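Per-chain numbering from 1; labels A, B, C, D, E and F assigned in written order.
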Amino acid sequence: MFELGVVYRNIKRADKAAADGLGKFGSATVHEAMGRVGLLKPYMRPIWPGAQISGTAVTVLLHPGDNWMMHVVAEQIQPGDVVIAACTADNTDGFFGDLLATSFQARGARGLVIDAGCRDVKTLQEMGFPVWSRAISSKGTVKATLGSVNIPVVCAGALVHPGDVVVADDDGVVIVPAGMAQKTLEAAAAREANEGEKRAKLGSGVLGLDMYNMRGPLEKAGLRYID
Amino acid sequence: MFELGVVYRNIKRADKAAADGLGKFGSATVHEAMGRVGLLKPYMRPIWPGAQISGTAVTVLLHPGDNWMMHVVAEQIQPGDVVIAACTADNTDGFFGDLLATSFQARGARGLVIDAGCRDVKTLQEMGFPVWSRAISSKGTVKATLGSVNIPVVCAGALVHPGDVVVADDDGVVIVPAGMAQKTLEAAAAREANEGEKRAKLGSGVLGLDMYNMRGPLEKAGLRYID
Amino acid sequence: MFELGVVYRNIKRADKAAADGLGKFGSATVHEAMGRVGLLKPYMRPIWPGAQISGTAVTVLLHPGDNWMMHVVAEQIQPGDVVIAACTADNTDGFFGDLLATSFQARGARGLVIDAGCRDVKTLQEMGFPVWSRAISSKGTVKATLGSVNIPVVCAGALVHPGDVVVADDDGVVIVPAGMAQKTLEAAAAREANEGEKRAKLGSGVLGLDMYNMRGPLEKAGLRYID
Amino acid sequence: MFELGVVYRNIKRADKAAADGLGKFGSATVHEAMGRVGLLKPYMRPIWPGAQISGTAVTVLLHPGDNWMMHVVAEQIQPGDVVIAACTADNTDGFFGDLLATSFQARGARGLVIDAGCRDVKTLQEMGFPVWSRAISSKGTVKATLGSVNIPVVCAGALVHPGDVVVADDDGVVIVPAGMAQKTLEAAAAREANEGEKRAKLGSGVLGLDMYNMRGPLEKAGLRYID
Amino acid sequence: MFELGVVYRNIKRADKAAADGLGKFGSATVHEAMGRVGLLKPYMRPIWPGAQISGTAVTVLLHPGDNWMMHVVAEQIQPGDVVIAACTADNTDGFFGDLLATSFQARGARGLVIDAGCRDVKTLQEMGFPVWSRAISSKGTVKATLGSVNIPVVCAGALVHPGDVVVADDDGVVIVPAGMAQKTLEAAAAREANEGEKRAKLGSGVLGLDMYNMRGPLEKAGLRYID
Amino acid sequence: MFELGVVYRNIKRADKAAADGLGKFGSATVHEAMGRVGLLKPYMRPIWPGAQISGTAVTVLLHPGDNWMMHVVAEQIQPGDVVIAACTADNTDGFFGDLLATSFQARGARGLVIDAGCRDVKTLQEMGFPVWSRAISSKGTVKATLGSVNIPVVCAGALVHPGDVVVADDDGVVIVPAGMAQKTLEAAAAREANEGEKRAKLGSGVLGLDMYNMRGPLEKAGLRYID
């Protein structure tokens, strides 16, 4: 781990059906289905609203102000992948713009998650290429120092192994380890199964206090009502 | 104040007509009419643009990572209320999503102001349920610790008593103490009365320097023009 | 520099054709054409998406919580200008709203860049008046202390002389010194000249690794591929 | 509440013995004794280490960049008071330095808690005058706008009424409402009564797991040990 | 990974001699020897200056506002360990104070690294128990929710496996994977071997430009000197 | 301005006597004497307490994560200089440690002000070499990209020309343009001339309200006292 100057070409991607299926549930449901772990920090925001994707992670470790490895990772993209870019220090430079997006999209990438900055946001929205980033910045970068591709990285506080499933939408980004993808898919489906019924009840005025049988536990915990 | 584990069921809400009327002026005008106090910190942002609401506050004090009391406060909502949620420590977890929004909306809540995180933002926008929050996050919460409902709280730097008027829009959130609602409504109306005339003058090229008679005071303060 | 209480009425504006021309390229291309300098910090964000402007800078130095000088600077605006507002301390108050925007627009200003807060964002969007700011806040300001107009200022980390060219869009704000406007325009045009060709190549699946001849330098730097 | 331009001269201070007694326990113990409420945000830090004080609050509401009211509040200080300074917007200017400290000290103030900046920190340490602030800054302020003295204020996220007890040390600042001072003092004393015994046990190697009988509840909650 | 509610009792600690040896070099040298990876974010600061430690990691994953697992991890401490505490969301509560420190110290812990808050800092300094934390806060915590002990965690942006070597001092905290400890120790020793000679040269006025033979590369990169 | 890849060897330093004299007054007094301008942002903090220096600026512009130019600037240092290091993007890497400090000190530098990170803080304190920085970090840097030396830079929000006077102490860092050094020295001396008398008065219990004749202006501004 943390090797610099290496590119792993053969990674084991999570099961494609599971990776695709998880995307339909969205990051909040998948995060719950995971047991409330695997989330990137909430400073990671979509650069345009409305995108909801999932895919398998190819990872890249960058140095501040240097996007050389973004070109290296492009070659490792396969259709259905999402690129996860980490940086060795907090940095908001614009590592990624419309030209790289054209290349990533041509390779079949579904999106980019980058713990740094991004630019050309208007064009990226027109292209329908979604990015989750910590900043938007016109600031360009140099191409001088090696990082790595497809090593495990820590991106916005979350550990990502190449091949893990990435689920991203307006609520944030969650990582599902490849080995947990199928089980998490099932758990997510189970969570959603009775959501419609719950929503109908709550919409009709039934309280969560009653629907979830919380009154007893609240009383036991000492909750007092004062008129 | 600051009692934990209590729910006040009977609160005195501000006059409904005043509460409704204040919403038409928006947070900036109401804040000025208040004498430039009562604003929540500007990190509180709407999760979707364009909503402009006002209503009477029901308050809830939460603990970090624990949304149990959101279900307790739901029962105390009356039509025309806005829920104000404070937290005992800075926290960005997603305490609120589409199910709770369905319940709040069914109870007649006009929106939520929460000094913490929120999730399911796309669905909330589709539902037309506005939220002002410090963060958007998929992170779920537990239900383990008692907070309180309808006690005075400090939310994003502002003191809120249950029953106060909440005015929220794209510019931010302002709190009008219930006892000042009528007087503030009148002051806001007075402020706006000649706004149209001012706007017309400024739009025709008249300078604020002249319209507000600032040239004398500026000269007196020592302003020098250099050609 | 840093004189307080002065207004310079005669400033030398950058060549109008160059100033107008630079706007077409956007902040990212212009920043690259400048040699990767001149950018404001990325915390400066547009208050509504989609605006892309350029113009000549008129500058104003403000004190925290005091917008008196905004009225003074209004008189110095000429058609094609962009107002650059700096503040002597970090401050998020709403120094600028729809009335001042009406006045600025009537004077011919194309937009405002303010290292502080702004309000009435919904109306500003309806008016088509773009603002880049560090915050949105309903908080009003007093009119008590002199700053200066058309002195060099540091705005969001960038030095701005009156008359410099301002280029602003969704990616950020870049300042081109007046004396470099023509040369930067040419450099920007040169950069864009073969962008279409590059985009077509990348879109067809050609990798940047090959298009930019990076494989040799990467190998020389020690990059290792592992299967 | 939130009146501007007023000075309340007669405030009801908390019982002096209770106010003095609370200081001996420190902010962490008092905060626990309060039921874990009343703390200022942790960005409030002492400007020099080691001070531990308590006293009765006199409050002042400031505007950003304006320290006029600091001179007004000085007159309201009585021996044993601690000045609590809030600001209507986030601001780091240096509102307070050695001259004001000399005046405050002469009036009997035990310290200052200011949700803004402070300067002359080396001299303040030599004088033995403790300050808790959000920033240290040489930046001076004007004297142009009225705030208020001895109104309730929100300081660093906590509500403070004039006369409340302030407890401050290296761990932070906690506010005890005047009416709860005696009861909190007793609770704090009770908490500390058996701390020595606990410390001796833990120091001898007894685990908190056993001393607090946590093994059962942990097992019940589902904790699994894996060898 | 990311299992909740589990405690791994048998972890493989890094070689003790290597772990002890690395501490002598300090975090900056070890970070360089690692190839410039493995550092925690620089918001992690010592609560008192001057401590320099190393040891083997025992890890704990906490939930915001809940320190129950700190008592669970205490039992897993062996002499020479350093506790690494991560939290599932950003939180500054004071999870750790003098009582837990007494227990940790009695178990042989050399220090604590916690991506959250700490309290009782004065007593901890008197005890000589060093802590690196993101905040200092009097805020207490509850004991309600299970986390885990001795699972891999992400702490302040760095991945830590139980048994890894932790090196911490005034410059920060670096993690050396157990399998790299010996090799990193050798690399660190090699780096320091000629530091004395370098320091003597630089101290005598020899420039780094000459000592490191930088003039050629700088000229080749295009550096121009202007008189 | 903003030329990259250039080193200006001949700069005009401020008058030495004025530069030395300003240091005795400290940053707060000098900032006031300047008319309250010229301050670096308060996030710039000394890495060890108690240093108070002044000197003439030699400037260096760095790129994030790259300290190559620190070696270039070393050669341009003359006795009595203070190095001012700016960075083209926000970055906290440790650009400077004990070896560079040894070199800078040998050249006669009195200190470093760097809008980035610094390391080896314990050794720097032992050497008596003061640094003001935005961060402390063990993170090392590469040597790959050219910046510039002795061009005007924006450092932590302040414009610095080579040769300007730098005044730095525990309260912060202020820049005095070379051409204003003598006049500012005189203004600072005048400010301090009657400080002793003021301090004595305030220490005896005279209020600032009376000493500065504020009661009239406060009454005129509308201040009301309520008993």
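Operating definition for what follows: a contact is a pair of C-beta atoms (placed from the backbone, for glycine too) under 8 Å apart; a residue touches a chain by one contact, two chains touch by 3 or more.
What you see is a predicted model, and the numbers here were worked out from it, not measured in a lab.
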Chain labels contacting subunit A and also subunit F: C, E
Interface residue overlap between copies subunit A and subunit B, same or different (over half shared): different
Interface with more contacting C-beta pairs, comparing B-E to B-C: B-C
Chain centre separation (subunit B, subunit F; CA means) in Å: 41
Euclidean distance of C-alpha centroids - subunit D vs subunit F, Å: 31
Chain centre separation (subunit B, subunit D; CA means) in Å: 28
Sequence positions of subunit D contacting 2 or more other chains: 36, 88, 90, 92, 139, 145
Touch-based graph of the chains, sorted into line, ring, star, complete or other: other
Pairs of chains in contact (touch as defined earlier), listed by label: A-B, A-C, A-E, A-F, B-C, B-D, B-E, C-D, C-F, D-E, D-F, E-F
Touching residues on subunit D, where the partner in the complex is subunit C: 63-66, 88-93, 139, 142, 144-145
For the subunit C and subunit F complex, residues of the former touching the latter: 1-2, 4, 34-38, 41, 88, 90, 152, 154, 157-159, 177
Subunit C - residues contacting subunit B, complex: 5-10, 68, 71-72, 74-75, 92, 94, 97-100, 102-103, 105-107, 117, 119-122, 135-140, 143, 145-146
Residues of subunit A touching subunit B in the complex: 26-28, 30-32, 36, 39, 42, 45, 49-50, 52, 169-172, 174, 195, 198-199, 202-205, 207-209, 212, 214, 218, 221-227
